[in-house]
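Following this line, the structures themselves.
Each of the next two complexes has subunit A plus one more chain, namely subunit B in the first and subunit C in the second.
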Partner chain A sequence: MIAFAASLRYEFRMQVRKRSVWIVPALTLVLFLLIGGSLLRDLFDPDEVPPEAKTAVTALAVQVYALLTIGFGCLLADRLVRDDRLRVAAILDATPARETARLLGKYLGAAAATAVPILVVYLGFTVAYAIHSHHPSAIGWAAAALGLVFLPGLLFVAAFALAVPLIMPAPLFRVLFVGFWLWANLVAPEQIPTIAKTVLHPLGGYPLTALLGFHGIDGRDSWAGPVPGATLNFLRPHPTPATAWLSIGVLLVLAAAALTSAHLGKRHAD
Partner chain B sequence: MRPLTLWRYEASRVGWTAALGPPLAIALGTAAALVNPLAQDTARILLGGLEMVIPLAAAVACASIVGHDPAVELQLSAPTQYRSTVLRRVTVTLGWTAAVAAATAVVLIATGWWERWPANHGPFVGQLTWIAPTLGLSGLGFAAGCLFRSPAAAGALVTTVWAIQQFFGDAAQRSRPGRLLYLFATTRGSEPRDWTANRLTLAGAGAGLIVLALIVLGRKERLIGEEDE
Partner chain C sequence: MRIEISGLTKTYKGGVAALDGLDLVVPTGMFGLLGANGAGKTTLMRILAGIMLPSGGHVTVGGHDLGTTTGRTAVQRDLGYLPQDLGLYPDLTARQFLDYMALLKGIDDRKVRRRRIGEMLEVVALTAHADRRLRGFSGGMRQRVGIAQALLADPQLLIVDEPTAGLDPEERIRFRTLLSQFAGSRTVLLSTHIVDDIAQTCREVAVLAKGRLIFRGTVAELTRRAEGQVWSVVTDGPAPADGTVVSALPAEHGMRYRVVAPTAPGPQARPLEPGLEDGYLAVTAR
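Right, the complex of A and B next:
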């Protein structure tokens, strides 16, 4: 337990002080604002903002999470292989700290630190919106979105970002990860077989629909459930609170499986 | 060391991402085209592999060139300038990408898939479909890599720029500057009249960013300072 806490604290402090952890989300935010068409600007435009606070902050969560998670995954991709690259893995293995505790500490510490700028952006805009529009309930809905969408999704991405670079170079993982993110979240299921709108949807289609009652900014979009003419519809049950919790559980189980594979892979390599 | 030996050595230093990225990009683009049930979209997806995935693979590889050398101080003291070394790696990376993309384009032209996409711009000028976004995005990746000296940060920036233009394609093309810098003007462009200007702008921006990166690399003290590990 001490090894886990120490590893978590050290990895968090090391990662949160990296300039790139702050530069990448900041530049993303600038690009996002320059392009326009996003809720970062529309939240404060009376003609564009959704009338309900719940819809506004949930839609903001979807946009911020969908975009900033790409940098999140890319920045974490070198964390686990770094110990080998700096030739300190053998020294760490020689310490009494168990490898499992160090791996969990590294995973949670590095992921939490890399998520800090994302949360700052999301909560910052939410608080500004709550004050500007006199909707204090927005902060409560944002907290719900953080727990139901951001948390499982970021834990899922972080586990694979740490594990996959053990079997391929980190830059190649970055290329494949952004392709995966696009395929898993943006591709229409009726065009190409995809996990979008399934219980595996990394964007959290089921929690968004069944737990947050979100159906797009205009209230007419479908984020989960069967799609006529699409393949993989057996992974798209009708959205209910039970299937939403199942979707969150599946993402967390997949994250645990990725971490376990990384642990076993490292032990085998040693 | 003979120049050819230097080129051979730098080709071995660019890594698996530069070697595997372009063929993998073409394989993924072809697989997406094969599984797509809408016949009218097949040609667009095949050209999209060249316009979208090839530039991404090349750009992330270029973003990862600076920041990996374990003893850069030794390289800085060698008669061969580090700038020349890095430029060789960029040339090898982009050269291999161009070879894979050109071979794919020849196959698409020979099989008739190229002309099935209405906005193909012909077999010769149409090659700007992949040349311009590859140069533009790779230039950005290389410049970011030289500025940050962190492949993670540079790779994250490149993938994010690419993804923003995918997720917000319509919003990105609402203004003329946005249309001129839009990476996917051939397969997702909203204004066909802007295509040539868009391609030349991207290629020019890429070349300019590579020159900027080489100027940054000339400041040797930056390379031996604190690394963003």
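Right, the complex of A and C next:
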């Protein structure tokens, strides 16, 4: 437990001090605002803002999460391999601290630190919106979106961002991750086989639909469930609270599997 | 902590044998490990530190079997380890890095940890730099942080691999003295190819070559291995071809060579008293 807490604390501290952890999301956000396709401005425009606070903050969650998670995954890609690169691994491995505890601490500490700017952006805009529109309930809906969409999704991405660079160079992982993220979340299933709108959807289509009742800003979009003419529809059951929790569970199980593989891979390499 | 090694082998991927049936007993106190690059010293140290598993053989440290997870963890609770290619986190200060290491070594009491870190920073003369990021530290300062982390938990077994590399002469002497003082009733395994470091600190020494033990005994015994084999040759011609040239100094008429060879490497060769380095060369040249 001490090793886990120590690893979490110091990995968080080292990661949150990295300038790129703040610069990458800031630049992404600025770019997004400049190209003008963002709800970040519409939230404060009476003609554009969704009428319900729940829809507004959930839509904001989808945009912030979909956009900033790309940088999140890329920024975490060097965290596990850097102990070897910095040649610190030998003295860490020679301590009585269990490797699983250190790995878990590193995973959660680095992921939490990298998520801080995302949370600052999301909660910052949510609070501003709540004050501006006199919708205090927006804070509660934002908390729900954080727990049901951001948390499982970021844990899923962080696990793979730590594990995959053990078998390929981190820059290659970053390129592949950006491609994966666009493919898994933004590609229309009826056009190309994709895991979008399945229980594996990293954007959390099932919890968005079945637990947060989100159907897009105009209320007519589908974020989960069968898509006529699409492949992989066996992974797209009808969205219900049960399938939503199943989807969250699947992402967390995949994250655990990635971390276990990383642990075993490192041990085998030693 | 007594170390008992029997039939230890380590073969890397590709079939490279780093250790080849090593048998060795390391008693309490300072113990030196000599050998050329690739002799297997670092592999042995990594196995003893519990960070690498052997391919075969048996190792016990203080009665704990290193072949088991429980045994390795028990040894690591009493271990200080300074690897040859030490790395540090550049984003942390020296104090933070030591705090992290202390926590991983199980020193969970904050007061004890702070006191111990303060003492170690004092010992390695880094108190004034304790709150500077490690990124800006010189090689010698980084090595001193490595020494501090190795001594943090007051270990019963200290394994140091090439610890004086990167230290200036004063720091080297200071560190050697520190190691000797620290040893006492503990076991300190010092691996180096700087023979003088062994001569100044260890009573007993082992020499490895190609993963095998080729000598084990006292420093005096190793020195005696070169008796009758050390020669001084002054020549203005080429260096003596027979034997191993230990040193070459400019002399009045040409160069003065110190040579280790089983027989006189020329008619003008004069016998000399052997030193530890000569003994080491006499043993490894066989």
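In this text, the second predicted complex is superposed on the first by the 270 of 270 C-alpha atoms of A that agree within 3 Å, B and C clash if a C-alpha of one lies under 4 Å from a C-alpha of the other, contacts with A are read in each partner's own complex, and residues count from 1 in each chain.
Note that contacts are C-beta pairs under 8 Å (C-beta built on N, C-alpha and C of every residue); 3 or more make two chains touch, one makes a residue touch a chain.
Note that the structure is a prediction, hence the values are computed from the model and not measured.
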Q | Fit or clash between subunit C and subunit B when superposed on subunit A | A | fit
(Q) A:Leu86 in the overlay: touching subunit B, subunit C, both, or neither? Say first, second, both or neither. (A) both
Q | Partner touching more residues of subunit A, whether subunit B or subunit C | A | B
Q: Have a look at where A:Val24 lands relative to subunit B and subunit C in the superposition and call it first, second, both or neither.
A: first
Q.
Quick one: is A:Pro228 in contact with subunit B, with subunit C, with both, or with neither? Answer first, second, both or neither.
A. neither
(Q) Nearest 10 degrees is fine: what angle do the Cα centroids of subunit B and subunit C make about that of subunit A? (A) 80
Q. Given the touch rule stated above, what does A:Tyr10 touch, subunit B (first), subunit C (second), both, or neither?
A. second
Q) Is A:Pro46 touching the first partner subunit B, the second partner subunit C, both, or neither of them? A) neither
Q: Determine, under the contact definition given at the top, whether A:Leu182 touches first (subunit B), second (subunit C), both, or neither.
A: first
Q | Shortest CA-CA distance in Å separating subunit B from subunit C in the superposed model | A | 6
Q: Pick out the shared contact residues on subunit A: the ones touching subunit B in one complex and subunit C in the other.
A: 18, 86
Q. In the complex of these two chains, what residues of subunit A are touching subunit B?
A. 18-20, 23-24, 27-28, 31-32, 35-38, 66-67, 70-71, 74-75, 77-78, 82, 86, 168-172, 174-179, 181-182, 186, 190-193
Q. Which bits of subunit A are touching subunit C when the two form their complex?
A. 2-3, 5-7, 10, 13-14, 17-18, 86-97, 102, 270
Q: Over in the complex, which subunit B residues touch subunit A? Could you list them?
A: 15-17, 20-21, 24-25, 28, 32, 35-38, 41, 53, 56-57, 60-61, 63-64, 148, 150-153, 155-157, 159-164, 166-168, 170-172, 174, 178, 228-229
Q | In the complex, subunit C residues that touch subunit A | A | 46, 49-53, 73, 76-77, 79, 81-83, 85-92, 96, 100-101, 103-106, 108, 146, 149-150
